[in-house]
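Submitted below is the structure of interest, expressed as structure tokens.
Going in written order, the chains are labelled A, B, C, D and E, and every chain counts its residues from 1.
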Amino acid sequence: GSNNGNSAASPSASAVAPSPSASEPASAAPATTNAPEELNFGFVGSTPYTAGAESWGIYKGIFQEELAPYGVKKVNIIPFKVGPDLNEAVLSGRVDIGFSGDAPPILNRAAGAKTHLIGLPIVSSNSLIIVKDDGPQTVAELAGKTVAVVKGSIMHRYLVGVLKEQNVQGVKQISIGSNTADSLAALAKGDVDAVAATDALVYKLLKGGGYKVIDNAYDHPDLLATNATIVTDSYLEKFPEIAQAWNAAREKSLEDLKAHQDEYYQFLSDNLGQDIEAIKVLYPIDDISPTNFTDEGIARITGTKTFLVEEKLAAQDFDINEWILK
Amino acid sequence: MGAALLEIRELSKSFRTDSKTVQALHHIELDVQEGEFVTVIGPSGCGKSTLLRIVAGLDVGYEGQATLDGRAISGPGIDKGFIFQEPRLFPWLTVEKNIAADLSLRNPEVKRRVGELIELVRLNGFEKAYPKELSGGMAQRVSIARALLRNPRILLLDEPFGALDAFTRAHMQEVLLDIWRRNGTTMIFVTHDIDEAVFLGSRIVILKPRPGEIRAKIGVDLPYPRKKASAAFQDFRMRVLNEFERIDELSWGEAGAGI
Amino acid sequence: MGAALLEIRELSKSFRTDSKTVQALHHIELDVQEGEFVTVIGPSGCGKSTLLRIVAGLDVGYEGQATLDGRAISGPGIDKGFIFQEPRLFPWLTVEKNIAADLSLRNPEVKRRVGELIELVRLNGFEKAYPKELSGGMAQRVSIARALLRNPRILLLDEPFGALDAFTRAHMQEVLLDIWRRNGTTMIFVTHDIDEAVFLGSRIVILKPRPGEIRAKIGVDLPYPRKKASAAFQDFRMRVLNEFERIDELSWGEAGAGI
Amino acid sequence: MLYETGRLDANFFSSPTDIASAIGELARSGELFRDIGISLWRVVCGFAIGGTLGLIFGLLSGFSRRTEMMIDPLFQLLRMTPSLAIAPLFILWFGFGETSKVLIIAVGAYFPIYVNTVLGIRNVDNKLVEVSQVLAYSRFSQIAKLIVPSSVPSILLGVRLSLAVAWLSVVVAEMINSKSGIGYLIYFGQYNSRIDYIFVGIILFATAGKLVDSFVRYLERRLLGWRDNFKG
Amino acid sequence: MSMRVVAVKPLLYGLIIPVLLLATWQILGARGMISPLLFPTPSRIYEDFHSMLVSGELWTNLRISLVRALWGFLLGGGLGALAGLLVGLFRQLERAIDPSLQMIRMIPHLAVTALFILWFGIGETSKVLLIAKGAFFPLYINTFLGIRNADNKLHEVSRVLGFGFFKRSFLMALPSALPNIFLGIRLSLGVAWLSLAVAELLGSTEGIGYLMMDARMLGRTSVVFVGIAIFAVIGKLSDSLVRGIERRALRWNDTYRG
């Protein structure tokens, strides 16, 4: 399910204000002019565009403009339903730059995919545990109960982390269906006692009443997840300056976005089929991280990796610092 | 004689197809008494099969009346046996199972009767053969046996012996007469063979084509068993032939002479 | 007379099925000259159709030899016409299209010939009818027309007139003789009707059943056109009947007498 | 009714009025027709490709035992292969454009026609095959004038199953990089909590099912008037 | 030609193309011309297969999947055949239920998973029912059409012989429809088998479908291919089995044999 990828649209309710970045805009003079004419940007989501500076920039043509001097004539933006779909596209070389929750690219990299990390556009993706009003009231009460969660996702990492933190034993975890709606249906039916999910997916349910959140990752900052932007090595070979070019374009897009906040929210509302109010709660602009890597971000993605390795989900361990494109 | 077993009044039937309408039967009037042996002859395509099918209850949608025992014929029934012009065997059943059809061969009585009938139609040794392994005449004999097994009260036969050689045919005629005499089964027997019609029938109905009408009904008052070589037989034969020949559309010179 | 058109030597054919093996033909020896009219008679199930199918090239897997023009028969071909025992029409084609079969009716020559043949088999008005709208005899006439259209060099007919009434049959016999005389087509004609066999054939082959063997070959030296009523004709008829009757398995007293 | 009495959970069902208003909304924005149009177009293309190939290979395989022995086992293996395995291959070869979507549908549409065509041919009455041999039909005539017409009932059945599979494959095809189409509508609904959209999608699929079926039945009536078969 | 040869020859012919494909794949893979991450070489897949086999993991999951597929097939296929039979025999019934069935037929599995869970939970019921939904239709339609394709001539025979409803169904309609029913069984089995992939998403912790999903998520492509190969091979085997039965059951059929 998408929840695994914790789509780029991964929201947060609080505003963790990132320290303003002091990064320099990309140098104007490109070193190569023979980059492939088309650049394929893939993300996990279900709509043509998603939240974030990348979508906005591509939508507004800022990326196209910035990359044109390098010889890029067209930027394709391609949504994938779930992480594995994006991973396969990356492996087959059909996607050059991938953008999703941190778990899928880590798993892919651990399995041997040749990629590099070029950015952490979001570093505080929330996860939460939702129950029926008459269900377990605290995390501790989950002992001996069944929780639906997508294996290997940020929610999974959060759930395992919380349970460990509070030393709750005997929680049965299962994956249900291809999207969170299926997990929520199991919750409604009473087959599971709780669901580990993300805000966007349960927003409506919560508004409808009858359900409540008993815990969320904001209370455990270590368990917040990041979103990662990766580039394939084969693309890097053809276009070595891609990281700086891309990040420069993103920087510009972010500035533009901040200058047109209402327009941006409207754009998301049109795209995601939700009203502006919900969009503002679910996808606050403050959530978007600066372009530079921050220690907080690196710490969090390392946390995810450690979790995946410890749970024996990742095929092998690797060093995040080596993964980051220098 | 009381009311007839089968009464046909003002019976007309036409087939409508995309291209045209064919009047298959037109104002047919016919009474058949219980225990009668009626033979029907007429040129190819004159409506003999259609008539039989209506009596069997297979074709509805006709005009006029057709009653059996005073009741309108509403559908086929076990009391009316029908031997189709083609064998129509169930290809997935062996000879003996085709004859038994819905009856179980595990019933020893059925088994015995089926065995008898196989003997009667001379198919010993082919009990376990599938229809695709039979010759044309053999298949036809299976379908005859199938109809005979059920001892129907009225038996409708549509050219049952068409694919049989002269001798097998003569044998089957004897078999049929025997059954008729013993069980008093009412027979309506369509044939193309004038000899056969005269040899078997207590009455001969001659149809003429387009529209199918009754040209003549001739009672045959020869005693059974009949001798085909006898003068009286040949007399009747000539009478039937003459009626047949007068059927306008089919009057073509010399051809008839040699029949 | 030179080498025969068709030479059959030591021909045997048996069918193996799950339950048993049937010897359909056994040591058949037969020569047919170009332009001959051979009629074949024999009891039901004796292997007539099988013999014809082998000559047509439909059945292979036999023992012995069958050569046409000195070459072993390897498969069906346009020079050999075949009329099956059942009509076997293509149910999705109308009468005229069934006759034309793979030839196009848009070809005016084909169209004309099809029209002629429809006239010949007396099916005018049914050109556009589908097989399911035909009576048994009508369907059979369509299949005859289909074979005639192709003017084959050798025509194999398996009881072609079985479902026709006496008059239509007589007409079709005339038509066939006419074609034979005009085109010199070699004919092998299976029938159950002894009269028909004598009336048409320049030679009569009598088969006996299980195993199917040739009982007799009788040359008919009566001049055409033959008169069925003539004494000479009746003589021949008796000769054939006697041969037929002697076929051991089928000797059953009185029945034969009346044929 | 059920909905209004509160028996159905509003989180998973939409009331008919909601669905109607969703349809209205989508229709007004023109999205509805665009989605139907684009999915329809994909189905038509995919079906045309898959169906034609299915027919051709079905004919080849049905017609010759040797060909069947060669290709049939492979196709039967492929038929049992989950589309999951095929999707990445398609991305690798054809990218994310219309090509791979249409081809995924084509693969789905291929098998029912293939299998039914083989069956149709193998059910051709041997008696008629003999007639065609005796009339010395050319190989082509034999196919065009005997085999195909007499397997039409089976082939039409294949068409019916194939069209259904083609529609169902739209959902798989539109999983990847789709920005429109009925499958997209359903995903959109699933991932953005718009239950009403899912139901609109379901209704559209059901309607398509009905229409396709009526269409094939119409074809059957037109093409198979010659049959003398059991009418129930 | 002995029976042995007859049985072996088709097998050899059938192996030509798959073997060629596998060989090409292996060679290209070994030379690095196909991404081993996306398409691990056959030998690599075999290694994984072997280790899963030895650990017993494969068999446990396979057994569970087989049982699900079988139940789903029996339930869906059985109901499909029954419905096809009834609808085929009764025109009124056809008018009453066929249109709705045709509509349901077109609803994709993926669109209704949430509803299935809501109604039937995440236990075996919903999985089996989802498979059954898929298996229902091919058998339904094929049985229905098989019956409607029955020769009217034989139907008339059954009427003349006074067959009642049951005899008409079982002695006339059903045997006539057999060739189609067998095809329906083959198609339904295929669908049942493939539906596992979706069904085992519904809260499963075991089964081949689950194994594949899981492996795909974690980037263990060779395990995904083990699953694919198992699907394909078992699917093909079950198909061949049905065809074997079909050949025996349809011995009476005089049809074109290619």
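Following the convention adopted for this analysis, a contact is a pair of C-beta atoms (placed from the backbone, for glycine too) under 8 Å apart; a residue touches a chain by one contact, two chains touch by 3 or more.
Chains and their UniProt names: B, C = ABC transporter ATP-binding protein; D, E = ABC transporter permease.
Owing to the predicted nature of the structure, the values given are computational and were not obtained by experimental measurement.
Chemist: Out of curiosity, which chains are bumping into both chain A and chain C?
Modeler: Chains in contact with chain A as well as chain C: D.
Chemist: If you check the contacts of chain A and chain E, which chains show up for both?
Modeler: Per touch definition, common to chain A and chain E: D.
Chemist: Measuring centre to centre, with centres taken as mean CA positions, what chain is farthest from chain C?
Modeler: A
Chemist: Across the interfaces A-D and C-D, which one involves more C-beta pairs in contact?
Modeler: Of A-D and C-D, it is A-D that has more C-beta pairs in contact.
Chemist: Let me have the rounded angstrom distance from the C-alpha centre of chain B over to the C-alpha centre of chain E, please.
Modeler: Roughly 50 Å separates the two chain centres.
Chemist: Starting from the mean Cα coordinates of chain B and chain C, work out the distance between those two points in Å.
Modeler: 26
Chemist: What whole-Å value do you get for the distance between chain A and chain B if each is reduced to the mean of its CA atoms?
Modeler: It comes to 85 Å between the two C-alpha centres.
Chemist: Which residue numbers or ranges of chain E touch two or more of the other chains?
Modeler: Touching at least two other chains: 38, 110, 114-115, 118, 153, 216, 251, 253-254.
Chemist: Among the residues of chain C, which ones contact at least 2 other chains?
Modeler: Residues 18, 86, 130 of chain C touch two or more partner chains.
Chemist: Which positions in chain A touch two or more other chains at once?
Modeler: Residues 88, 91-93, 178-179, 181, 184-185, 188 of chain A each touch two or more of the other chains.
Chemist: What pairs of chains are touching here?
Modeler: A-D, A-E, B-C, B-E, C-D, D-E
Chemist: In their shared complex, at which residues does chain C touch chain D?
Modeler: Touching chain D: residues 56-58, 75-78, 80-82, 84, 86, 88, 90-93, 101-102, 130-132, 146, 150 of chain C.
Chemist: For chain C, which residues count as touching chain B in their complex?
Modeler: It is residues 15, 17-20, 22, 41-45, 48-49, 85-86, 125, 128-130, 133-138, 141, 159, 162-171, 173-174, 192-194, 199, 226-229, 244-245, 250, 252, 255-259 of chain C that touch chain B.
Chemist: Which stretch or stretches of chain E touch chain D in the complex?
Modeler: Interface residues on chain E, with respect to chain D: 9-10, 13-18, 21, 38, 87-91, 94, 99, 102-112, 114-115, 118, 137-138, 141-142, 145, 147-153, 155, 173, 176, 179-180, 183, 186-187, 190, 193-194, 197, 212, 216, 224-225, 227-228, 231-236, 239-240, 253-258.
Chemist: Which of the residues in chain E come into contact with chain A in the complex?
Modeler: Residue list for chain E touching chain A: 35, 37-38, 110, 113-115, 117-119, 121-123, 198, 201-205, 213-214, 216-221.
Chemist: If you look only at chain A, which of its residues touch chain D in the complex?
Modeler: That would be residues 2, 7, 40, 45-48, 76, 78-81, 85, 88-89, 91-94, 178-179, 181, 184-185, 188, 200-201, 203-205, 208, 272-274 of chain A.
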